[in-house]
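What follows is subunit A paired twice: with subunit B in the first complex and subunit C in the second.
For the complex of A and B:
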């Protein structure tokens, strides 16, 4: 291995990890908040009288949509200032980089996703000022559920900081920890964006047809929950990588196998997450427009999402094959 | 914060050396799960104890609650008779009420009360329960052979195929059948890890932020209310609705 002193390894890990956590984790939330503010301006142009409601809705939407970046801030601070007792040198660096990767990518998706419902809510307040309350509550519920991928990635990041034990081989440690970070982070990226998109469809539908708010809420919750399946696959593979890798070969082969499993599951989850979020978006708007057809729409949405997620299942199969067969 | 992930597991029956099968039992989870069931049983007993023709306040709330779920089940399943739909109502209601109580029980400020849903074994059990009900009722409504033939994919059952197309259709089952089996297993994994990850993640966020800010209590109370009650209730509802939808997909 390269001859670097342990303290230098620790600094390297801390700084790269904190940079990844805050750099990526702040990016999505910032874009999301900007989308909300932009829609608020556009709405005020249409209905200047609603500025009290509009300001309140925009601020609530930005505050709830900003919480992924606060999760990233918490983990970033921990990565910078956590005393390094449990792991040493390069092992510690690998854990920090993995934690930063997990929380950064995971909060990127959720932060960006939470911006769209906030924007649609501002638009909806301008469109239908009398139903501000139902639009706002639909927005908050949608954003809260769209944050579950970032909650999953906080679990993995804190496991990397507090729970994991490292094997002797530095290369295998690197593969396990960074692989788990990529599997969780990239796996949460797509579902975060997608479930935010579903929520934005539901908020839009609620603002146009407030009388079918209950049915829209049900379609939205199921659509978001199903579109978060790739994030759950990512969490599963991260758990296996961090806790239960049986007899993975040591050295370079171990690095290849574990990192490959993480990359496959993580990147494989991005597309299905975004795609099935788009299905949910359309289904929410369709339910809003034709509440009589809600079961038909729900069933079609579920089948469509299941088919669009088969690629995430392929990626999961490849990941598990790498871990348990090779 | 070092206790994150620690569990109290009994590997042997206490005061003896009889080994407990399946790698021991997590005694806190078991205790809390039974506690939730006991509380739920008493609550339900109390709710139906003195029913009146003209409902009082409590009875009115309970009737509205049950009626809402009755409507949800009926509009999702769309079976022929009302009685057939109502067969599934107790399962869905049980899942919802049990998960709500289980998710919010850690609001009680004792370290003994831990959410049973923060243990993957509980949620995996509930997911398997829902999935077995879905598969069983699917086989029951459609017949075993039709159900399995549907698992073989759309090309397997097409009627007007002849010759080479027929052979290809039958061969396509080799591709679709394993995929559908994996898809069904992925449903169990996703439904049970979803609630587990959310509940344990909310708990961890509360622990970490409380450790970092020490004593600014208004924020902590708000955070507890949001993460425990809001996330807990939303995900209890999502779990119950997803089980219902899986059953509906299986029987149609």
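For the complex of A and C:
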């Protein structure tokens, strides 16, 4: 029989949690910044005269797109060095792993998503240097919205670090905390990637048809808002898991119910988030090319997004059934 | 060597739980987690696929707005077919919840 001491549990949780936070959270932003730099080089190859504009746009895009990895760094350092006053032993370890999972997966999506609009903006500066300002502002707005899933995941990670209280049962605690981390983290992954894709379509459209920038912005914001619904579902289930679980069974069944609900809602949001983002991408480009068809394209986009959200709703239903029926 | 490690881990988990783990609890618990995993992974594919179809429909309507009705209809039929695997996952998840797990 192994007897693991509470301090060892705490170290175990800290190391796994910080590894998940920084390993996953840095990955997306790194790839995204690389996409921006690659497109900048490609643009400079075609138009070497634009290097002043290009450097500025690339650096702004990389700076905004890099912020999810900074969120991950902050939470990762907290996970490593936060004193373990409120929770002890295995309970503390579960909270740290959950926080790392939430922030790591959430920042992965947003970091990767923010890279595409930055890349398209660099491409657009080379294509149309006179409209650098409108291209850059469309990029920054799109990136800012694409970061909101990572902000949701910070909220859940900070709740796991500072707010939650644990029940006595170790297995139930593990299910609640890690389940909330997966629900929020994986739930934010798809919307982060999808919103970024929508923003990249909008930036591309703005660079080719700068005169329809206003309509493109409207289509982009609506598309991004719809593609972020799975992240809201994930946050809802995380809140229920962390604050509102009333009479779930203790022990093994409690672990199954809470972890199952988190996995279902979280993973179920990945596909609909990415899919709705792809619809938004195409709709922004179509609106840019044919601004007089904007309402027709907007209607088709919303129908398509609604249908592609259906599986996220099934996953939410299974998650809520697990939490409230069993 | 490895078996004894796993056995002692199982022992440790069993002593940490409030009620002992019986075979029935283990079976119900695995089918409940399985329902979550089934619906979670099953929802990924249809979501991406339906989004791809709708994106192409937006593109096509932008090029040829006269055929908007036909294109929307085709998109919805395609999406309904892509939905089928999501519904299979839902059915299996419900079976695992209410037939095995309950």
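Remarks
In the analysis below, the second predicted complex is superposed on the first by the 324 of 326 C-alpha atoms of A that agree within 3 Å, B and C clash if a C-alpha of one lies under 4 Å from a C-alpha of the other, contacts with A are read in each partner's own complex, and residues count from 1 in each chain.
Everything below uses one rule, namely that contacts are C-beta pairs under 8 Å (C-beta built on N, C-alpha and C of every residue); 3 or more make two chains touch, one makes a residue touch a chain.
What you see is a predicted model, and the numbers here were worked out from it, not measured in a lab.
Aligning the two structures on subunit A places subunit B and subunit C side by side, free of any clash. In the superposition on chain A, A:188 makes contact with neither subunit B nor subunit C. Contact with neither subunit B nor subunit C is seen for A:178 once the two complexes are overlaid on the shared chain.
Subunit A is touched at more residues by one of its partners, and among subunit B and subunit C that partner is C. Contacts of A:141 after superposition: subunit B is touched, whereas subunit C is not reached. Look at A:221: by the touch rule set out above, it reaches subunit B but stays clear of subunit C. Once chain A of one complex is fitted onto chain A of the other, the partner contacts of A:236 are limited to subunit B, with no touch recorded for subunit C.
In the superposition on chain A, contact of A:35 is made with neither subunit B nor subunit C. By the touch criterion stated above, A:60 is placed in contact with neither subunit B nor subunit C. In the superposed model, the vertex angle subunit B-subunit A-subunit C (Cα centres) comes to 100 degrees (nearest 10). By the touch criterion defined above, A:168 lies against subunit C but remains apart from subunit B after alignment on the C-alpha atoms of chain A. With both structures placed on the common chain, the touch criterion links A:126 to neither subunit B nor subunit C.
Between subunit B and subunit C, the smallest C-alpha to C-alpha distance in the superposed model amounts to 10 Å. Within subunit A, the residues touched by subunit B in the first complex and by subunit C in the second are 303, 310.
Those residues of subunit A lying in contact with subunit B across their complex are 71, 74, 77-78, 141, 144-145, 148, 151-152, 154-155, 158-159, 162-163, 218, 221-222, 225-226, 228-229, 232-233, 235-236, 294-295, 298-299, 302-303, 306, 310, 313, 316-317.
Across the interface of their complex, subunit C is touched by residues 1-4, 90, 168-171, 186, 190, 194, 250-253, 255-257, 259-279, 281-283, 285-287, 289-290, 293, 296-297, 300-301, 303-305, 307-312, 314-315, 318-319, 321-322, 325-326 of subunit A.
Chain contact summary for the complex, subunit B toward subunit A: residues 1-2, 4-5, 72, 75-76, 78, 179, 182-183, 186, 189-190, 193-194, 197-198, 200-202, 204-205, 208-209, 212, 226, 230-231, 234, 237-238, 241-242, 245, 248-249, 252.
Contact residues on subunit C toward subunit A in their complex (touch as defined above): 5, 8-9, 11-13, 16-19, 21, 25-26, 28-30, 32-37, 39-59, 61-63, 65, 68, 71-72, 75-76, 79, 83, 86-87, 89-90, 93-94, 97, 101-102.
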